[in-house]
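Shared chain: subunit A. Partners: subunit B in the first complex, subunit C in the second.
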Partner chain A sequence: MLEVLFIGLSLGSILLLVALGLAITYGAMGVINMAHGEMVMVGAYVTVLSGLWLGTNIFVAIPLAFIVTALLGLFIERIVVRKLYGRLLDTLLATWGVAILIQQAVRLEFGLSFFGIHIQGLGPGLQNVDVPGILQGTLHIAGADINRYRTFIILVTAVLTLATWFLLYRTVAGTQVRAIIRNPKMAAACGIDVDRVNALTFAFGSGLAGVAGVMMSGFKTVFPDMGTPMVVDGFMVVVMGGVGSLLGSVLSAGILGEINGVVAAGTNDILARAVVFGVVIAIIILKPKGLFALKGR
Partner chain B sequence: MAVDRRKFLKGGALAGGALITSPWVFSTGAHAAGEIKVGVLFSLTGGLSIVEKSLHDATMMAISEINAAGGVKGMKIAAIAEDGASDPKTYNEKASKLVIQDRVPTVFGSYTSASRKAVLPVFEKRNNLYFYPTYYEGFECSKNVVYTGAVPNQQLSNFIPWIIKTLGKKKFFIVGSNYIYPREMAKVSKILIEKNGGEWVADEYLELGHSEWGSMVNKIKNSGCDVVLSNVVGDSVIAFYREYKNQGLTHDKLPICATVTSEIEIAAMGADYAVGSYTSFPYFQAIDTDRNKAFIERYRAFVKDPKAVTHHALESSYFQVFLWKQAVEKAAEVTPIAIREAVKGQEFDAPNGHVKIEAENLHTYLTPRIAQWQPDGQGKIIDAYKEPVMPLPYVAYGETPTNLFCTSKGLDASKLKT
Partner chain C sequence: MSSQRRIDWAIYAGFVILIMLVPLVMDPFWLNRIAKYLVFGMLGIAVALSWGYAGILNLGQGLFFGAGAYMLAMSLKLASATSLQQGSDRPVPDFMLWNAEPGAKTELCCITKASFLWLPFQSQWFGFAMGLILPVLMAVVVGLIVFRKRISGVFVSIIMLALVLLVRLVMIDAQPVTNGFNGLTDLGWFKIGDFEFDPYIVPTYYLIAGSLSVVLLAARLLIDTRAGVILQAVRNDENRARYLGFDVPAYQTFFFAVSAAIAGFAGMLYVIVSEFASPTFMDLSFSITMVVWAAVGGRASILGACIGAIAINMISATVSETEGFAEAWKAIIGLIFVLVVLYLPRGIAGLAHDLIDRVVARKTPRASPVLRVHDATSQLAE
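Then we have the complex of A and B:
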């Protein structure tokens, strides 16, 4: 039973890892960011490329991927997203287009494959990420076998969640972000540079997706389409938790992960996934704004 | 302007006429000019392009080699490549285009069974010819398809008895992706397991592309099995082997014996996760013959990637073009039916060894091999049949070499019921 609960916890932490960035870009900024999965994918490719060309391991890739995807996010915000604030459906379409562009750029090696040039680590194929020995296999703690890599993911997720909470609730910048979530015009009237804060917030959310990508790369398969199914999971968590609520995302990821783990252990994974979707639908019907909705006036 | 109305009309009528008749004129004309057109239909985009691009490359390489050596009957092969886009519907449309508009006498293509089933009506209705290079689940008998990949009896008939007798493992946990190929493979496996005195404790499926293996591997761990038979397909394989090791399972105590895990997946997961596990295929990159080594070298040069891996379906994509070439040379005319009749019984020395097309069911004699994965990401071949094995697409339903269900007359459906 302990093993089942651990798997559930691990599933929850993976959900949260992917949803954390979304909780900020969608939850806080109201951008339906379909390119979020591609940010995860780019993070995974940063791991592949840094391993191939710099010879570094997965630990070095974490800050590297954060920087790369944050810069990419900043770029996307400046070019596309900033013109679309407040237009929810337009952000969906525009970022979906961006997602396809990023995916094809990786698959076609930025177009170089048309000229017969091959960059190792890019292209349509599956990529390999070396996982350090210390993260392979199991840890023996109190008679139980604990999966090292999954433990590592749980730890990284916990650290990132705490860091995000600290930034949002304990810093001046965070206060400004929360002010913009509540009422952008009023915030601007109070002297907050809304443009700048929005750009940085979007970059931070994208950076978190990049880190999620690094964690996925040592665990799942790295290829250009890998991010697409993750977006669905991410939105599920954010919507169920309540848009704009970090605590809501944490709780809903945990609940969904445990439900998935326990049902899968009793029956199978396919049924477990159906049950998870059922729970999400039920909660949205009962509490349309999610578990923890922001109370606004 | 110099173009007056009359001239314009005349030109337009000429162009229009040429346009209407162009497929006819062009195909017969091209034929006379020393060219045979063939269709090449694999997914160059979408999720399946990961594998299908390599099959496309191998086909193109075979065509360019044949052309470099003088072509077929003095004619060059002109490949018309189309993109199936990982989508059965697109496959069907592109197949129709190749057969009806381009009027090619043969198409080489498909990786998944779904895409083959999607194009099958086109080839049967138009009485054209399709060459299919992938190992598949059998249970198909078409006069318009030549199958050059393994069928279940060529992957399992040696594998299961070998696992039970040589490895001494008797309790099987069967796991696969949830679609027709793994399910038919499981069906054949169960027959063979019971015949050889083993038992199976579970038969589980996950959807294609599933990458969360925590619960399933935990189930395997607690099931009391002593061997895992994997029919898991595609990118799920990587997540599966990684989770397997991460939950503390090892291949020396509880080996994964797989029917789909090839050099591609091993390279992507990192060899240390697969060391010691087994796979059954007629072809491995590690086959130690000069012919195979030269083949790998030529392929790497062709795709300009010094680290490219070769695998079973890729090798079949390559040698089937040569079987086709021999058939065209033997046939009196370049029509699908003449080529099909001529391809029966054709033999060729492929990189994996000697192959031959069975005249009755148009499947291919292949040599089953078992390999154990090594730290360098290559399979070490530890068991192989001495000679190629006859293909039996209906083995799960009781087909034997002396009692064929699928013959040149078609499927004998009355035998299926018994």
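Then we have the complex of A and C:
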């Protein structure tokens, strides 16, 4: 049973890892970023490419992926998202287009494959990442076998969540972000540069997705379409937890992860996912604002 | 009738005549392909109705399409020749034999645990009726729960998205009854009386084109009715409509169900021309792709969304013929989509409307001031 709960916890931490960035961009900026899953994918490819071309391991890839995806996020915000503030559903549609573009860019090796140039590590095929020996195998704790890599994921997620919490609740920039979550117009009237804060928030959220991608690459195959199901999962977590509530996202990721783990142990993975979707639907219907909604003003 | 409205109907009529003339110039292979794209055009209509007119962005329209498709496909599966050769005097789908319960009789009633659900589908018209009833039933149940609770906007989108993915997973998991991932293939032909609709013959094309024309014109008439106008008022300001005393959830549910029925009907027609039904109909990407078609064509125009769907698929098919260009085309679609959302939120139809308005305004200079006021209000309504 302890092992099942542990698997649930690690599934939940993966969900949280993906959802953390979405929680910030959706909560703070009112942008449904469907390209978020592609940020995860790009993060995973950064791991693949840095391993192939620089010979570095997964630990180096974490900061690298954060920087690459944060810059990509900044770029997308400038070009597309900025023009769509206040049009929630349109952001969903436009970023879906962006997502396709990023996927195809990876699949076509930035268009170079048309000229017969191939970059090792890109293209439509599947890629694998070798995990350092330290993260392989299992630990024995209290009579249960605990997978080391899953433990690593849980730790990274915990660190990132704490960092995000600290940024949001203990820094000036975070206070500004929270002011924008509550009321963007009032925040602007108080002298907060909403455009700038939004752009940085979007970049930070994208960077978190990139780190999520690094963690994914350690136990999943890396391929251009890998991001799409993740954005759906991440989005469910955010909506269920309550828009703009970090605590809500943490708890709903944990709940959904455990449900997934326990049901999968009893039946199979497919039904477990179906049950998760069912729970999310029920919660949105019962509490449309999510489990931990902010009191709006 | 205002001149705009006259032009509007003339364009609708022109479109119907155009699709009726296609068989004169196309070979059977292309005719079959175009029939498929007309089916997608019908999906465009379904999306425009719920998104453009009811303001409900349904990211799970594939649920209704898939439901319609599976219902008819079950009947057609039982009508296929292989289903009759499984060692029983009555039809049994071949995949059920591969999934049979140990020692079970080769009969629909009991070969797998839930195979008895297939029994009524031995009648093709039962499958056909269910292809309309099931989507409508689902839409009404979802609509009554969701709209009565005043859930709106993105939350409806998420609920539908989760629902279509949930149903898709259940369908895949229920392998012994649905053939899981593989879907239903090797189907018989749809029959009316003794006439068999081979997907590669001209009458089948006319079955599709005729259905599309009827649905198109009916949808256009529907949005001009009182209910349609009230619906648009609800879309523009839900609370105001509520204060005026309209039963908002009832109107939303009704149009949601109409949209579901159209999608279910499209699913059935798709099965007739493509001869398969598969869980990919309920993929997230397919549901979003439908929205893309409608957005490019014009979300607030029935015909625009329909043409958008047909045009994108026609161009895709032509472009994909060139080897290696298919993937690049996908990227172009992505780019077009971003550009349309950013710079052309009313789609191609919106652009066409503006052009027509300008031409009309120039032709009738005396009426122009009044007309302009009228334009402004109608644009506000959009």
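In this section, the second predicted complex is superposed on the first by the 296 of 297 C-alpha atoms of A that agree within 3 Å, B and C clash if a C-alpha of one lies under 4 Å from a C-alpha of the other, contacts with A are read in each partner's own complex, and residues count from 1 in each chain.
The rule is simple: contacts are C-beta pairs under 8 Å (C-beta built on N, C-alpha and C of every residue); 3 or more make two chains touch, one makes a residue touch a chain.
None of the values given here were measured: they were computed from a predicted structure.
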(request) Return first, second, both or neither, reflecting whether A:Gly116 touches subunit B, subunit C, both chains, or no partner chain. (result) first
(message) According to the stated criteria, A:Phe66 is in contact with first (subunit B), second (subunit C), both, or neither; which is it?
(response) neither
(message) Applying the document's definition of touch, where does A:Val129 land relative to subunit B and subunit C: first, second, both, or neither?
(response) first
(message) Applying the document's definition of touch, where does A:Phe152 land relative to subunit B and subunit C: first, second, both, or neither?
(response) neither
(message) Just to be sure I read the superposition right, which of the two partners does A:Phe202 touch: subunit B = first, subunit C = second, or both, or neither?
(response) neither
(request) Return first, second, both or neither, reflecting whether A:Lys220 touches subunit B, subunit C, both chains, or no partner chain. (result) first
(message) According to the stated criteria, A:Ile270 is in contact with first (subunit B), second (subunit C), both, or neither; which is it?
(response) both
(message) In the overlaid three-chain picture, which partner chain does A:Val4 touch, first (subunit B) or second (subunit C), both, or neither?
(response) first
(request) Go through subunit A and flag every residue that touches subunit B in one model and subunit C in the other. (result) 107, 124, 229, 268, 270
(message) Give the list of subunit A residues in touch with subunit B in this complex.
(response) 3-4, 7, 10-11, 14, 107, 116, 118, 120, 124-131, 136-138, 145, 147-150, 218-223, 225-226, 229, 260-261, 264-265, 268-270, 272
(message) Under the definition above, what is the set of subunit C residues touching subunit A in their complex?
(response) 57, 145-146, 149, 151, 153-155, 157-159, 161-163, 165-166, 169-170, 172-173, 284-285, 288, 291-292, 295, 324, 327-328, 330-331, 333-338, 341-342, 345
(message) Quick check: in the complex, which residue numbers of subunit B touch subunit A?
(response) 45-47, 49-50, 53, 178, 204-207, 209-212, 214-216, 218-219, 235-236, 238-239, 242-243, 245-248, 264-265, 267-270, 272, 304-305, 307
(message) Using the touch definition from the top, list the residues of subunit A that touch subunit C in their complex.
(response) 32, 80, 83-84, 88-90, 92-94, 96-101, 104-105, 107-108, 111, 114, 124, 228-229, 232, 235-236, 239, 268, 270-271, 273-274, 277-278, 280-281, 284-285, 288
